[in-house]
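Note that the chains are named A, B, C and D in the order they appear, and that numbering of residues resets to 1 at the start of each chain.
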Amino acid sequence: MNEADGLARRVADTLLQREGTGPAWGVTIDDAREGYALVRMHVRDDMLNGHRIAHGGMIFALADTAFAYACNSRNESAVAQSATISFLAAAQPGDTLIAEAREVSRVGRSGVYAVSIRAGDGRAIAEFTGLSRTIGGAIIN
Amino acid sequence: MNEADGLARRVADTLLQREGTGPAWGVTIDDAREGYALVRMHVRDDMLNGHRIAHGGMIFALADTAFAYACNSRNESAVAQSATISFLAAAQPGDTLIAEAREVSRVGRSGVYAVSIRAGDGRAIAEFTGLSRTIGGAIIN
Amino acid sequence: MNEADGLARRVADTLLQREGTGPAWGVTIDDAREGYALVRMHVRDDMLNGHRIAHGGMIFALADTAFAYACNSRNESAVAQSATISFLAAAQPGDTLIAEAREVSRVGRSGVYAVSIRAGDGRAIAEFTGLSRTIGGAIIN
Amino acid sequence: MNEADGLARRVADTLLQREGTGPAWGVTIDDAREGYALVRMHVRDDMLNGHRIAHGGMIFALADTAFAYACNSRNESAVAQSATISFLAAAQPGDTLIAEAREVSRVGRSGVYAVSIRAGDGRAIAEFTGLSRTIGGAIIN
């Protein structure tokens, strides 16, 4: 593992440890590299909407988590400015959701990240695009 | 209250009761009318991100909840196709978040809803726009 | 007309005069006030897509024009950061398109604007949401 | 060239020929394959906004053109449902803009396409994501 990817992994692990959400949702990190993150979460009953499928808010939340790890991966604090999600298929109770965030472009303080959300069996569930803004300051010393 | 608004309220109450998310997040419904919903949620520790402010995913999730109540308000099942959120300010632990969804346009099976998310003191936190698609079937008999 | 609205109108007129696009597209300004703009354009043959209806790019472009007039209306230069459009119905050759931009929220240097695009007969054509960033500098002296 | 890619190229050529916009804007097709399109356009004076840089509407319009060629590439008519663009850098008069559309996911009648817009020298200008819906019917016989 090169140095940049090692730093990215430490940043992601630190963010997950500091945040309330990841542990509450059972998020785990499969991979975190410079400008990249792969995370997963199981769809629990408390994540279902009134149609008894995964709530769009939870699908977005997992994607947003991967986006955060990817856009903070250089240990420079960045925040989400805006994000868009398109929902393609329902995720069922018990499904594993896997979100993979990749850096698409970075110009000055702005970054664009694409996050694909799939079920454990590979079905496409949703596609997310996030715009980040680097605000400065480090995540870890 | 007219009949359409009464139906909308019953649909929203039913969705909240059926879903896993609203109760888990402590969502309450202030108002639900035809094409409209006003909901609130308190920012808890398990809703914070690694910067210790409300996770964007939870802000989106509350907005998406209000959107769902508004776009299902005529008791015809509708699902989210896509949604966009712009983040304007941080919400702190202990803040109350209030999401107000209004119907902007409805053409055929498509609907556009705008959701404003504010803190209890009126500060603008985020703006959300959702595109719904009516898929048929009733929420309540 | 109050002073702020008068300034907004002069800014919009100035932008339209300076830009290459508005005159090329036949854009006219019905109204421009603080945080608000109403513009129109006729759908010409050179604005049609391969299905012979108004090209989505031209519908977006008109909405983006109204957004620009609205977010620059205080005579502080602002630029678009991101924008989302949902298409609801086709616009035909000969239709007039009317875009109405309203300010939804403004926090610090960020602003969110909603733009409704309708045909001359009132049919909803598309809904647009734009996020602006104020970069400073005046449009007119 | 395989059959699917040959069909995609004929569809793109046909769409460009039928539409009013592409010829009016000087769009040319570098490449068109199944689920993919690469197009270009020179930034002319009539494409500039009031700040004398390429109008966001024209940048979107070029991306939307590439998106249309990619999502119609199987010769099944598809339309845009929604699209989002993030602007990263200004394009100047005389710049060439190149839009590259790639299919990200396709589920049932829905498709998600990512379009990167770059200047001729490789500078990232904007990132676009489009959601399409297949409506049936062929583009060419």
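Here, a residue touches a chain if its C-beta (ideal position, glycine included) is under 8 Å from a C-beta of that chain, and two chains touch if they have at least 3 such contacts.
Every value quoted in this text rests on a predicted model; they were computed, and no experiment measured them.
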Set A-C beside A-D; more C-beta pairs touch across A-D
In terms of CA centroids, furthest away from chain A sits chain C
CA centroids of chain C and chain D: separation to the nearest Å works out as 22
Whole-angstrom distance, CA centroid of chain A to CA centroid of chain C, is 33
So, in whole Å, the Cα centroid of chain A is separated from that of chain D by 28
Among chain C residues, those touching two or more other chains are 81-82, 84, 86, 110, 131
Per the touch rule, the chain C residues reaching chain B in their complex are 82, 84, 86, 88-89, 104-108, 110, 112, 114, 116, 123-124, 127, 129, 131
In the complex, chain C touches chain D at residues 14-16, 18-21, 23-24, 44-52, 55-58, 60-65, 68, 72, 77, 79-87, 139
So, in the complex, the side of chain B touching chain D is made of residues 81-82, 84, 110, 131
